[in-house]
Each structure stands twice: as structure tokens, then as C-alpha cells.
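First the structure, in the form of C-alpha cells, and then the observations on it.
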């Protein structure tokens, strides 16, 4: 049997190493098992699957999080994750702009503002 | 000034030629301008943009439509569209399965059932 | 104390008389109190309030139901209701088209298809 | 290491035995791993947890599915599941009515219609 | 005829006494009738109904608010309310974790962070 | 061919002049084309259409934004916009209260709090 937790940690480290630590730290007192589930199911089971490359997986996730709304912390993490697995900034922006078509302009504008925040953090701007 | 309608039609023909005709036919008596807007804005403006390839755009759209829910006709069209621009069936399935993580299992199961319907239509099965 | 149920019935009769009867009939065996709540709260309390005319209230409701999704029976009733309190068909269509901006094109296209169904029923077409 | 699949199957059998078989059958050709994930994560990991009894878990699920919308197959299964683990019909109805407060009347009315369909199936009525 | 307002206030006092006062205070200048409706319909009509105990009602509400998203003030109030009517902290946490299955991980993680905030407030921690 | 950008700017100036400038400023470095799309499609194409007056369009938009959730910046802008094109404060409040019926009380209460913030800004109160 595969050790899903180790597999998940390995994928999390590849995609968003800082986010991974922050999430675990945040959940450890109140719901450590939810932290474990995040490692095991999304990252140990789903992102490990063949059939779709990690870059495409991050594009799908950014699209969904933008469209769903009220997902700012996760969208920030996955924008960083997308950049870590090979997306460039323009690709991230294009996915978010495209959501204006499917989820309406407020979601797209909100998503772009979140991307701006992430890019500014990376560039050391406040 | 670019002729957005012609650009949009060209992109629609490339992505989902049948869906394009059916949508126009369907809207022509009640809201022909909504049909025109679909051609001009999503397909004439957004899908025409450089910076993200069509295959990635369809992955983003399938992710969003699966996550949003109550979008069956559009999801069917975009699954066909994804296949038309270079996705294989496994990639479509992977995007939808991944939505279990971000939008919950009911959306993912619903999406897989819609994909099954599309694949069966293509294969001439009921 | 105001008799909210009678007030609600009076407003329901004005806005969508057939829908009112169908809803009550439908709920009477399984959850008659939900039917009563529909009469009392939305129609006895809210639609009775001064400060916004019934036509504007129906415009607000059509906008919200289109945007929310998975509300077909209610959207059908309120399209009929809007026509009953003074909206014309073009106004109904415009509200729904506008939702492409705020909730995305799939919701708007879905709403237009529902409006088409209602108009065809009224015109005696299948 | 715990065998999550066996644990999940055991819980699925307890909660909704027919639904379990139908879901697996439905997914087996197109996305068997999604079927496996349903067994392992929701039923093997989550429903197995101590700290909340199965009846309360089904109440939570019915509330969420009613509120989310476009979840009819899952809501039908979980209404049956709730009855299988000790809820009575009135409790199911009360949870759904309560959703009028948090997710609006259209979701509650839709949920009640789905409950009616389930109760009629159980009672052998069409 | 029952005095719904008094009934509602009584239930609100039982479930979340502080939240009740804060909500009324907040709405009194701009929309006092919305405050009155909150007392009368959810608390005077719905929570007063027999057929489902208050603890189960709060479990249903926490599930729905977590799944819906963008409901932080209400979720905070109902987590306190759940504790006031007999849920323990673990039960609250379990309901929220379970929402990962039905509404996706971002909603569950967001809900857990809100629960953490509530528990810290109760414990006098910042 | 109509110059959609100029038409859009003209409508934006009429509806919410300050919001228009702030949005463009905000998007100009990261996604200027999204800013252009906002001018051209919603304001150049949709709000320019005959068949529904601007006041009714703003009522529809406030209803939808309140119902959708997680749209605070847009809802603030459109509350100001509604006042600019002829709605009075009571009409804005009524539309938002009505959303309790269709999208649940949390969305309505959240919307009223946002309206309060807008009215206080206009009145020079903090």
C-alpha cells in the first residue's frame, strides 16, 4: 500500500512549500486531521495521478477557485503554486480574466486583485 | 478596428462547430443579441487572446463549469471543445475528478456523468 | 395584528395566481407549513412592503434567480409574475441578458431558455 | 495501516446500500478511481470518525446538499441514508425547511420536492 | 394568534443572546424591519417548530453556512449557538470537516479557521 | 461600427464616475485589458441597450450581487450607481431585504451592512 501522506507531502513541497507549512501549523491545534486529509487526499491521491500534468492541474484549480468565490487564501496559494510548476504570470492572469465569461466580472476582478497581491508579495512590494 | 464577430465565429468553429450553430439557432428568435455577445466577447475577445493556449483555456473552462454547477449544456459543449483542441479523454476526466477537492464530490460526480454522456454520444452509444 | 396569510394570498393572486395554487397543492401532503411560510413571509411580509413597486420587485427577483442557478420552477413563475405586474417581455429578456455580466454567460443562456419556455407556453406553442 | 476501502464500504452499506452499488456501477467504466475515492475519503475517512454520530452527520449532509443546489442524486441518496441511520421523515423535512432561512426559499422548495420523490419511491408510489 | 416576535426573541436568547442584541443594534437605523424579520421568521417560526431538536438544528445551520461561503458573521454566531444548545466543540469541528466532502476543502478550511476564532474568543485568547 | 469603449465610458461616468476611475487605476498594471472589457462589454454593450431603464438595471444588479455573495466592492459601487441614476435609499434597502427570500438571510444581512457602509461614506460618517 502506498504511503499517501508521504506522497502528498512530496507534492505539496513541489507545488507550494510555504503554504504547506502554514496550513499545517494553522490547523494543528484545532483540526489536525483536516490538515492530514489535505495532504493525503488532494496531494497524495489527486495531484499524484498521471493523465494530467501539474501545470494543467494548477490552471484548473485557479479557474475553479476564482469561479467559486470566497476562497482567497487558497487562490493565493495556488497562484504561487502555478508559478512554481511552470506557469508564467500572464497565463495566471489569462485564466482569471477568462472567468469573467463563466462566473461573471466580479469574480474575475476579485481574482485579478488577489493575483496582484501575490505578485507584489513575490516582488517584495507591499 | 478588429471585426470581433468574425474572429469569434472563427474561434467557435475551431472549438465547437456544432454547438455554435445550435446556440445561435436557439437564441435567434428570443435574444439574438445574446447570441452575438457570446460570439463577440468570449470567443472574439477572450479566447482570441495570446498568452494561454486553447487547450489550457478549455481545461480552465471545464474546471469552472464543473465547480459552478447547473451548467450542463455548456459543460457538454466544452468537453467536446476540449477534445477538439487537443485534450484527450483522460485529461478531461482528470480535471473533473480534481474538482472533488475544490467544489465537493457532488459536483465532480455530476461532471463525470456529463462527460460519460458526451463520450457515449461521440461513440454512437446511447 | 395583521393577518399575514390573507395579505400574502392577495399578493400571490396578483403576481402569479396559477403558481400559487400549484405550489400549495404540491406541498400540502409533505410540508404544508412550508407552503404557509411562502404565503406569509415572502408575499405577506416582503412583497407587501411600501418603498419599492411590484414591477421593480419582480425585476430584482428575476435577476437573483437567474444568477443563483438551479431555480427553474421559481424563475418560470416569476417571469410570468413580472408580466402580470407590468413588465413587458423585452424587459424580462434584458434583465436576464444583463446577468451574463454578473453571474456569467451559462446562467444568462439558461435563463433565456427558461424565458423562451414561458413565452411559448403563454403563446400556446410547445 | 487501516484499510480505508473496506471501512468505507462498510459505512456505505450501513448508510445507503443501494446507492453505493449504483454509484460504483455508474463510474466503473469512465472513472473507477472517483468511485474508489468516494468509498475511501468520505466513507472510509470522514464518516468513520468518532465525535459525531451518523444521524447528525446525515442531518449536516442534507442541510448542505439542499443549500448548495444542483445536487439531486446525492440529496436523494442522503435522504434515504438519513432514514437508514435513524432519522424520521419529519426530521428530514425540518432540516430542509430550515434551509429557506439560510439558502433561500427556492432551495428549500426544491429540497422538499426531492424528499417527496424519495418518500414516494419508498412507499411504492410513483 | 401566536406572538411570533416574542417567541423568536425567546429562542434567540436561548441560542445566541449576544448575537441577538448586536444584530438588532446593527440593523436598527438602516433596516429595522430586517431585524424584526430575523426574529420572527427564523427564530419565531422555524426554530420554534417541533420535530427537530435545537442541537440538530444548529448542526444543520453550521453545515449550510460552511458550505455556502461568505457567511462569516453568521457562522460565528451559530458556532456559539451550537455550543449554547448542547453541542461540544468536537461536534462543531466534525460538521465543518465533513463539508470538505460536499462543498470542497476551501470551504472546510475556512470554516475551521472561523471556529478557531470563536473558540479563542471564548477562551479569552486573541 | 460603434465605438464601444467611448459608449462604455460615457455610461460608466453617468452611473459611477469615481468607481470607474478607481477600477481602471487598479487594473492598469496587471490586467489593463480586463479594465477595457469592463468598459466595453457591461457598459458599452449591455447598459447601453434600450428596453430597460438604467434604474431597473441597477435594481437587477444589486439583487444579483447581494444574492451571489463575495462581491462587496461591486455591490458598493452599484449601490452608489443606483443612487446616481434615480433610486432612493429605501429602494436600495428593499431590494436587499427581498434577497432574504431568494438567497437566504445571511446574504441579505451582509448586503444591508454594505449599504450602511455606503450611506455612511456619502454622509461623511465613518
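By written order: A, B, C, D, E and F. Residues from 1 in each chain.
We take it that a residue touches a chain if its C-beta (ideal position, glycine included) is under 8 Å from a C-beta of that chain, and two chains touch if they have at least 3 such contacts.
Values in this document were obtained by computation on a predicted structure and should not be read as measured data.
Listed by label, the chains touching chain B and chain E alike are A, C, D, F. Shared contact partners of chain E and chain F, listed by label: A, B, C, D.
With centres defined by CA atoms alone, the chain at the far end from chain D is F. Both chain D and chain E derive from one sequence, and where they touch, over half of the residue numbers involved are common to the two copies.
These two copies of the sequence, chain C and chain F, are related by a rotation of 180 degrees on CA atoms, to the nearest 5. Remark: chain B and chain C have CA centroids separated by 30 Å (rounded to whole angstrom).
Listed for chain C are residues 33, 37, 41-42, 49, 65, 67-71, 74, 93, 97, 99-107, each touching two or more other chains. Because contacts link each chain to all the remaining chains, their graph is best described as complete. Listed in rising order, the residues of chain B touching chain C in the complex are 23, 26-27, 29-31, 33-34, 37-38, 42, 65, 68-71, 73-74.
Listed in rising order, the residues of chain E touching chain C in the complex are 1, 33, 37, 41, 45, 49.
Within the complex, the chain C residues that touch chain B are 69-70, 93, 96-97, 100, 104-110, 112-113, 115-116, 119. Chain B meets chain A in the complex at residues 41-42, 46-47, 49, 51-52, 56-57, 59-68, 71, 74, 90-91, 93-95, 97-103. Considering their complex, residues 67, 99-107 of chain E touch chain B.
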